[in-house]
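Dropping the structure in here first, questions after.
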Amino acid sequence: MNMTKKKTIFTAAVLLVLFAACVIVDLTLPSYHIAVTVIKKATVYALVAVSMNLLNGFTGLFSLGQAGFMLLGAYSYSVLTIPDGKKATVYQYFENGGLPFSFTDIFGGIFGEQVGTIVGMLIALLIGGLLAALFAFLIGLPVLRLKSDYLAIATLGFAEILKAFFQWNGLGPITNGSNLLKSYPTFNKATPYVIIAGLMIALIVLLINSTYGRAFKAIRDDEVAAEAMGINLARHKRMSFIISSFFAGIGGGMMAMYMGTIAAAPFKSALTYEILLIVVIGGIGSITGSVLASFLYIFSSEWLLRGLDSGTFLGINAPAVFKNGFRMAVFSVIIMVIVLFFRKGIMGDKELPNLLDKRPKSRKKKEAAGK
Amino acid sequence: MSKNVLKIENATMQFGGVVAVDNLNLEINQGEIVALIGPNGAGKTTAFNVVTGVYQPTNGAVWFNGEKIIENHPQGKMKKLYKGEHAGEYNNTIAPTPDVITKLGMARTFQNIRLWKSQTVFDNVLIAKHCRTTSNVFSAIFRLNRKEEAKQRAEVEELLKVVGLYEERNELATSLPYGKQRRLEIARALAAEPTLLLLDEPAAGMNPQETDELTAFIGEIRDKFNMTIFLIEHHMDLVMHISDRIYVLDFGKQIAEGTPEEIQNNQRVIDAYLGVAEDA
Amino acid sequence: MQELFPYLLNGISVGGQYALIAIGYTMVYGILRLINFAHGDVFMVAGLVMVYTTTALPLYISIPLVLAATVVLGFTIERVAYKPLRTAPRMSVMISAIGVSYLIQNLAFYITGGVPQPVTKPIPFISNTVSIMGASTKMVTLVTPVLTIALVIVLVYLINHTKTGMAMRAVSKDFETAQLMGIKINSVISVTFIIGSFLAAVGAMLYFTNYPSVAITSGGMPGLKAFVAAVFGGIGSIPGAVVGAFIIGLCEEVIKGLGYTTFSDAFTFALLIVVLCVKPTGLFGEKVTDKV
Amino acid sequence: MKRVFAILLCVAMMLSMVACGGNTAAPEADAPAAEGDKIVKIGVFEPQTGDNGAGGKQEILGMQYAHSLFPTVEIGGETYNVQLEIVDNRTSAENGPSAAAELINRDVSIVLGSYGSGVSIAGGEVFAEAGMPALGTSCTNPQVTADCEVYFRLAFLDPFQGTVLANYAFNELGIDTAYTLAMLGSDYDQGLVFYFKEAFEALGGTVISEDFPEGTANFVSYVTNAKSNNAGVIFAPVSINYAQLIVEAAASQGYEGALLGSDTWDNNKVIEAATGTDIEAFVTTFYQEGGAPEFDTGIKEWLNANPDMLTNNGGNDMIAAVTAIGYDAYLTALEALKLAGSTDRAAVLEAMPNVSFEGVTGLIEFDEIGDAKRDGAFIKTANTVDGVWDFVKVQTVE
């Protein structure tokens, strides 16, 4: 059996086991169990982290606009799927608020309620992604010409502007102003999240391993050389930006699904920072790393380390130390240690199949010499 | 009569008040190896950068395969500052980016190697093929372009065999020894399927033996690919050995042009390289 | 005019406070080409230290203590989080800066329990209320612009007439060459951070005198806006940062006065994007060309 | 090394998933096996951090005080020890679902909270799924209970509160132009402003509305806007931090009209900011100190005996209305448990509508939607000399 085949089998096996674990969790646990919550949230974060990695890690564009694109996705998803019957209560402050149609109702009429709802949800997700991509195209025209750190600050600013617009009462009949949007359909179980996010991540992996993905990596490694070798910088950067935003938009829509209610407030720059740090922990330039880091991060912050905040951790009861905020303080110290001393993160730029690679020869030689 | 591949016409490149390239005129014909030499700071790399679209010339034009691809004239602030000649002869602006020029059929290497560091030898060459890809991003994602991809991979393998890097194809580009990195850069440029190859000091930092190998290699490339080559070089052995014609720059100005023999005996060139005594 | 006056007055005051923060951004950017995302948080920490010290200690001890603590913090951040990454790609340093910002906020959160700390004993004199031209305001509103301009004049003098200042200018012009010329890069950078933090501390004391409490997120927005001011004025230029800060402060207040309160923050960022796209060098910045 | 690390992480992840699969059965199996004292858990779903951190903490104080008085409860003839399970929902809606899931995970019988409506609505979806009875405290948005079978609430509602304040401003203060100020992105603020505006305009008044972005620290310009519009009152139903800032700004600008606040304003931080100034401020609230003297003295003693608690209350022993409501919430939960005769949450949920008892904030009974039946709100005014809230009157909608 050759190496490539081995790798494929290994990867498929790992993914299958993980998926099976998730299905088992779904079948055995009630949907409000914290394990299900963790899986749902982590898959959403994983998708967004991977989309950010596509831009920051694979194309070398330092953008901090992820929260803005998620906002677009989240709002389009919920605005499009709130059933007509619920609009009066949701838009309580805006008479005749909401769009005059609802995807869930439209498709419910065509395919029957259950299937129709799901079809409507998926189409709304897709539209959220497309809207994010459209905005990425528009904002990319002026902004992508900027150099690294200017690009970062400009995209950050763009996300803030979007947030202000979505909270503006002038758009209230659609966005419900500062008020929550709710009563839209969601998936209770974790498996649909895993399937959607998994498919999206698979698409990103396919992109990265295609000729365009290689061009992105060339731009990241050396822009000047890439341009000299015939890669149109503006076009490829824009493409990467739009694609990344598309997936961030889908991620935002899934975030709306996960949260059950949404408002613009959570989509602030802190969310982008959080995702960025997840990408760093996982390894800039590693899809596997981003996914792994998302799960670790969400699992520990939402579940494992909650004790750090509420008095007792690992059986040690010390309310004076383990009080509110200790968990996040510990987290940020870990993050700084990773940023400073393990700059490659968990995975470096390796992917799941690379785990089977032999160690570099040089190290073996060194070990031998050491003996 | 051989075909004219590259023609630089009255090109002037001025940075603020500094004239880096002053009214350069140059022609390269099909199948020729032409060298551009001159002391450090003479403006050789700047001339390359003008031709490849990295810099926009302050004045002048560049023709490639009979088509005008670059043109500019002093504008804005430069109008007052401009110190060169022929300002009035150009009134149009054509300013393509380097990738456009590469697609037209010109590929270059860099003075200080600029390989894609995290990529393997194979991928470095394969990425250069990207500019010849016709499939769009969707067909790339959904793998509808398998045929094209397979063809490109086969071509890259072939190319690597020709330049003698096939054995190392799966190693990281940066792990190659220096001489092979130079070779890889040339292979990468060839993968972009150019008709004119621009080499920026390909022998920089090489020992005599490596230089000899490189000289032979460049000759091979010309013969095998029927390539026109334009190179900048400091190693006079190499230059004199393979060049058909040589242009000499000093302080941005062209001071001589001719066959290697002519250049070797040109007094101005010798002066430029050795310096002229104060009283001369 | 009479109606606009309170807004203008307030705008100048806010502008002065932004200016003191913006100088820190612009100097660090000028030398390291780094957006010091943690600068706004340093500002917030200065405010917290002020809250804690002024309640416990007399003013003549607490004020120097605030300045000293902030300077030490700024210095430490540079040494711990930025110095080890001097040769790393720019993105790593920026991530480190974001990480530091995250760390400071979370530590402050832990210490304060996530609840805003009330300014119980504001610094006297500048917190007195005065009335000019029919608009009443705190003394600090009048003190801020004067103090800002005085500090900037001193700073510009230092940069133009001292050896360290000269070294700073050299480093910001060309990092590598300055290093080759025997300038001790690390001490120059440290001095930059010390000056930046010092001014942020002064800014914090003025800023939080106006407000009853310091929250852990208090540094974020002023920090971002000060950065926008620095970009607007031309990053790397100290007078530019100051002018930019005053303009932004004024615009913001005037926009509120015109009734577009919803977009007062959004406006600042829109301005940033426009400036970056139309004239990335800002009002007073110099053009930097990248070498191929 | 890295490779081993990565594989270990993968394994850890999978194990944790499998482990939690086993977990679910565990509590039910363990619970009857526990010897001696039986335990019933009451979940506390409150913000301890974020914008509403201070308010949430005060609300928890009421529950903790009640817990210290009544640490046990008789359920079905057996004595159970009550255990409070406090989970921080960090004020924000995005943390609501996971905090709610955490509470369900800890297997509580009923949930109390939250301060703030947004997070309650977000948590409500999860509670509804699990059939977990939840008792809203000072969340005032109608949507908390409207669409949610499991949510009940003690506080009055925004339409009620907004209308009360509008009536008070128009009729009692005799003002015809009002200026409202709400935070962008806060549904609580925006909701109250909406109802206030609706009621005030119906009475024939004029309303000028403005928003400020999150993180605003300087309200001078807003106060100036109110002045230049000749607004006789500024209605700013904002969270405690911003309320303080607005009070300060109004004081420094010499604003001559009145400030109107909602239940959030009934807080010692706000009164501290107002003390020593000459502003006029009115708030609506659920509870008036002195309304239940026994409770007042008891909780003051308790606060002064516990320095930590005193700190959580903002450093003094003034009783916030939310503390009283927290106290009532705990007692309501005990009532429901008694009525249910079981710790099973389905039974508790069934028992909830039948609860009826006299709490410190008044008679507690729920209507068919799940809201407490309240017909009046206390109006208090800031006594800027002594630094306390003085009772003005009980205002009803009519």
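We just call them A, B, C and D in the order they show up, numbering each chain from 1.
Heads up, the rule we're going with is that a residue touches a chain if its C-beta (ideal position, glycine included) is under 8 Å from a C-beta of that chain, and two chains touch if they have at least 3 such contacts.
Computed from a predicted model, the values in this text were never measured in an experiment.
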Most heavily contacting chain pair (counted by C-beta pairs in contact): A-D
Middle chain, criterion being Cα centroid separation: A
Centroid comparison with chain C (C-alpha atoms), farthest chain: B
Whole-Å separation of chain centres (CA-atom averages), chain B against chain D: 72
Whole-Å separation of chain centres (CA-atom averages), chain A against chain B: 43
Inter-chain centre distance, chain A versus chain D - centres from mean C-alpha coordinates, in Å: 32
Chain B, residues touching no fewer than two other chains: 54
Contacts with two or more other chains, residues of chain A listed in rising order: 164, 167-169, 224, 324-325
Residues of chain D engaged with two or more neighbouring chains: 48-49, 184, 211, 213
Touching residues (chain side chain C, partner chain A) in the complex: 33-35, 80-81, 84-85, 88, 90-92, 94-96, 98-103, 105-107, 109-111, 113-114, 220, 224, 227-228, 231, 262-263, 265-266, 268-270, 272-273, 276-277, 280, 292
Contact footprint of chain B on chain A as seen in their complex: 203, 206-207, 210-212, 214-215, 217-218, 220-222, 224-234, 239, 243, 285, 349
Touching residues on chain D, where the partner in the complex is chain C: 48-50, 53-54, 57, 184, 210-213, 215-218, 220-222, 224-225, 228, 241, 244-245, 248, 252-254, 269, 272-273
Interface residues, chain B side, partner chain A - complex: 52, 54, 97-100, 102-103, 107-108, 110, 114-119, 123, 126-133, 135, 137, 140-143, 145, 149, 152, 188-189, 192
Residues of chain C defined as touching chain D within the complex: 3, 6-7, 10, 14, 109, 113-116, 118, 129, 131, 135-138, 207, 210-213, 215, 217-218, 220-222, 253, 256-257, 259, 261-262, 264-266
